[in-house]
Amino acid sequence: MNTLHACLLALICVFAGSLLMFPRRPQIAWTYLRYVVLVLAAGVVLTPFAWLLCAAFKDRDILMEYVFLPPVSRWSSETLNLNSFRQLFAGEKTPQGTVYFWRYILNSLFLTTTATVLHIVTCSLTGYALAKYSFRGRRAIMLFMLGSMMIPSMILLAPVYQLMYHVGWIDTYLALLIPGAVPVFGVFLFRQAIVNVPNDLLEAARIDGCSEFGIYWNVVMPLVRPMTGAFCLVSFLGAWNSFLGPQIYIHTQAKLTLPVVLSQYIGIYNQQYGVFLAGTLLAILPPAIIFFGLQREFVSGLTSGAVKG
Amino acid sequence: MDRTTKARGWGGIRRQHWAYVFLLPYVVVTCTFFVYPFIQAIILAFHQTNGPSSRVFVGASNFAFVLTDDEFWIAVRNTTIYAVFSVFLQLPLSLGLALLLNTRKDKMKSFFRLILFSPRLVGQIFVGVIFTVIFVPRYGLFNRFLQTLIGWGLEERWLEDPALVMPALIITSLWMFVGFNMIYFLAALQNVDPNLVEAAQIDGAGPWNMFRHVIVPAIKPVATFVIVMSTIGSFQLFELPYSLLRGGFGPKNSGLTIVGYLYNSAFNSGDLGTGSAVGWILVLIIFVISLAQIRVSGTLRSEA
Amino acid sequence: MLFPYGKAPLALLAVALLTGATLALATFCSRQDDYDLVFALFAKNHHEVYQEVIPEFEAAHGVRVQMQLVPARGLQSRLQSAFLAGAPVPDVVEILNGSMGYFARGPLKDVGFVDLTERLEKEGIRERMVESRFSIWSSRGHVFAMPHDVHPVTLAYRRDLVEELGIDVEALTTWDEFVRVGRRVTCDLDRDGVADRYMIDLPSDGASALDLLLLQRGGGLFDEDGQVTMDSQVAVETLVWYIHQTRGEGRIAFSAGWGQSLSKAMLDGLALFYFCPDWRTKTFQQDVPGLAGKMAVMPLPAWEEGGRRTSTWGGTGFAITKACPRQELAWEFAKFLYLEKKELGKRFAGSNIIPPVKDAWDLPEFHTPNAYWSNQKIGVLLSDLARETPPAYVTAYTELARTKIGEAFMNAAIYYDDHGDDGLRDYVENELKRTADYVRRVAGRNAFLSQARRESR
């Protein structure tokens, strides 16, 4: 019997107790149970994060000794320090010179933000065209898009790689940005949102002498900002965490992104867990920040899209 | 659809034709980086290459080799086991959590939703990096927790024992995806008609009947969507085992997945042709299974 | 006019522009110092040795050379994928033995290294070196790297204990004799049921010792044409022999592992002999100073009377990438690092590694008695053995073959534990055939190699 068992037992006792004490209102007990389960689930989900946070700041010698943090009595600059970060940022030698960790963060930021903005522009434009214009071939294009979504992207891995080689885009960021520049799910998301924009508004703008592109820019897009926000988040997450693309296309160490670099580090910094865990902590901060900023849009955008499914 | 006068817009271009202009990026990108490679993928599958530069025609020998290669079937087995657990373990948990969380007036709802969703923010690679240390025998978080909870598991070598690699992968994927799928189910539960719920309660239906007859039909479309998406995603598993097993495929290939096999053929051995062949086999597998799933859900629906 | 997409996308756009500008700046500012040669290598001790001599080369040619120490595994995989994709690579590299197979997987024209065969012949370098070393760095008869070493394998032993036990090492000329003596020596001194003294250290999973023994016998995983030979009769017999020495009642071997555990085993006299290529003599000297003067080396016992008394283990080679803009300079650099006689003498004294350059073996350093190894002139012994070193042919499937033979061995070992000698030989033969056929299938599938074979007929 240890602390954990004692806690669990206590929880069960409270549950049983509440059943007995309020025999005519069992919903109290069940609500209590509901919350217990949810809190436990939340705990399970949050534990690796907490552990990661602690591990990044623990000194190498005691990293494995204490699960989370050492007892307060042992807190000192010997046990809790920034050594892992220091080593992380110390720079590594490559045939092209020394590369510092900042560079990787910069690369990831650049690629991700550029990709996200690019996706927003292209998908919204394409979605707008599909939503508000009737033209020959519209059905065909939409069917084609639907069909293309069914194809797993893995089948294109090898031939696109070959194509990149022949146009000389290997080891450049173009290979990472251009092939996926118009993700189809994004097109459908925007189309869905734009379809709901009343046509009267468009007509009114036209009568006022607005160009077609002007309608898109001044009338439609401001109205679908929530969807744009949701898509922005999804796109950002996808690009930030993208691994396969940078792994196969980028050969110069200095151009690599965080996912590839950290997967290298688990081999290089074999037993020095602190170093790559510190790197991982830094790597999951930007997505977290974006998410906190955009969570409302994200949830509403996602659920409205999902229900239509 | 708006049939107004054929207004001339900018530069005399008919208004409707602007659509073609707006579609241009999509068309250009898709033709170059989807249609053309798609055709190439068919051609490549019948060749062997040494990297992207040289290639030799080999007929169907790539397919013959892959389909008779033990390692490929190990990959298929691993991937299938993972997919099965994804659907039958992960999704019920997601649904359960969604049911627990599903009240209309709860401020706590968004709080919990946020927390349970958070693992989705962490990319598969990063999850692998974190969990590769969590699964360290004796000193790692997971083993210590197990030991405290049920008095077993301190020395289990999750990532070095061939029998334990798949359980480790499944556990990690549970952490990653349960919250994510829960969001879908939560949205689906909004669809449940409250009148129906009330009627059922008046009829004295217990929770199980309520679930079976009121909730399940209402969430059927989303559930099917989630199941199919989950299966397709599971069959394409690659990044998580790649980083969890530190770039290898586990002892005795216990962490080898179909895409892992593809990656190995195409980029470790440099043979893009075999990689393409594996890709086609994967497409076929996914297609067949998705079709089957949709059929099954269709028949279930007509039953209900 | 407000940004139509919203605040977040605007922020992202700003970040994109900012980071893009920073990156562009960083790329321009870090314009590489112009080095004439960029040299990537993985061996730390080589790095130290070369650092001292490179200034001389730089002065003589008026150039600048940059050396980069990179991890071995990373070097190989990055080079491989960079070659295939046409991405930037260093000018010259030192590569590890066994990796040449990967680089020569496709058509010869695709090999990312410069073909050195003609140069080596024309300048007479090939005849100056031990011929068998070129096998490691060749594919289809073309040499792509200059050998750095020979790595002949000896048996190192506790001279003091061996003398105490009255063993005459001169008489250990064959493995049969060795095993006979070994059975006498391996015993349980303190009667606790566990043997305390073994004749020799052999790893229990086969690994490199198996490879080494096969090569000694003229077997090996592949032959000169790249054909799989891992299921030959020689291999079957060696596997069976190995199992007998490491398991069961007649065993004479203990698996002492590496580094500290090997040191301890030798210190305690737990094992008397172990396989010692030239590089291992130095590392052992450093790890176990306490045994100075008590160790000695001898040639390997032969498999039959008069047979080969050495094998080979490991190797490094120097290669020039086709991307190198100054290949003549790179070639001069190779010769400077590997062929300067006065340097070679010093290097041997520092590392005990003998070069493949035969005329260097007359240097005084090679004839100096080595106090640690009981004042033996190990240079003389090593150079005698070096002439006999067997070739070790590599292909793109060497790694696979090594894994598979390890698998066959482990299965055979389990069989032996369950059934003893009953049917062991047949089982080993079948297992080896099964795994060899698998490798054959994978290797035979390589359309480039079979095309090359067809063309050469």
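Labels A, B and C are assigned to the chains in the order they are written; within every chain, residues are numbered from 1.
One rule holds for everything that comes next: a residue touches a chain if its C-beta (ideal position, glycine included) is under 8 Å from a C-beta of that chain, and two chains touch if they have at least 3 such contacts.
Owing to the predicted nature of the structure, the values given are computational and were not obtained by experimental measurement.
No other pair of chains has as many C-beta pairs in contact as A-B. When every chain is reduced to the mean of its CA atoms, the largest separation from subunit A belongs to C. Annotation: 15 Å between the Cα-based centres of subunit A and subunit B.
Note on chain placement: the centre of subunit A and the centre of subunit C lie 44 Å apart, centres being C-alpha means. Shared interface positions of subunit C, defined as residues touching 2 or more other chains, are 81, 85-86. Looking at subunit A, one finds that residues 165, 248, 267 touch two or more other chains.
Looking at subunit B, residues 51-53, 267 sit in touch with two or more other chains.
By the touch rule above, subunit C contacts subunit A in their complex via residues 1-2, 4-6, 8-9, 12-13, 15-16, 19-20, 22-23, 26, 30, 32, 38, 40, 68-71, 73-74, 78, 81-82, 85-90.
Interface of subunit B with subunit C (complex): residues 48, 50-54, 56-58, 61, 65, 267-270. Residue ranges of subunit A in contact with subunit B, taken from their complex: 2-5, 34-35, 37-38, 41-42, 44-49, 51-52, 55, 64-65, 67, 122, 125-126, 128-130, 133-135, 138, 141, 148, 150-152, 154-166, 178-182, 187, 199, 203, 206, 211-213, 216, 237, 240-244, 248, 259-260, 262-263, 265-267, 273, 276-277, 280, 283-284, 287-288, 291, 295, 299, 302-303, 306-307, 309. Here subunit A touches subunit C in the complex through residues 93-97, 103, 106-107, 109-110, 113-114, 116-117, 120, 124, 165, 170-171, 217-218, 221-222, 225, 228-229, 232-233, 236, 248, 251-252, 264, 267-268, 290, 293-294, going by the rule given at the top. If you check the complex, the residues on subunit B that touch subunit A are 1-2, 4, 7, 9-10, 15-20, 22-23, 25-26, 29-30, 32-34, 36-38, 40-41, 44, 49, 51-53, 97, 100-101, 108, 110, 112-116, 118-126, 128-134, 136, 139-141, 144, 148-149, 175, 179, 183-184, 186-188, 190-191, 221-222, 225, 232, 235-236, 238-239, 242-243, 246-247, 259, 262-263, 266-267, 272-273, 275-276, 279-280, 282-283, 286-287, 290.
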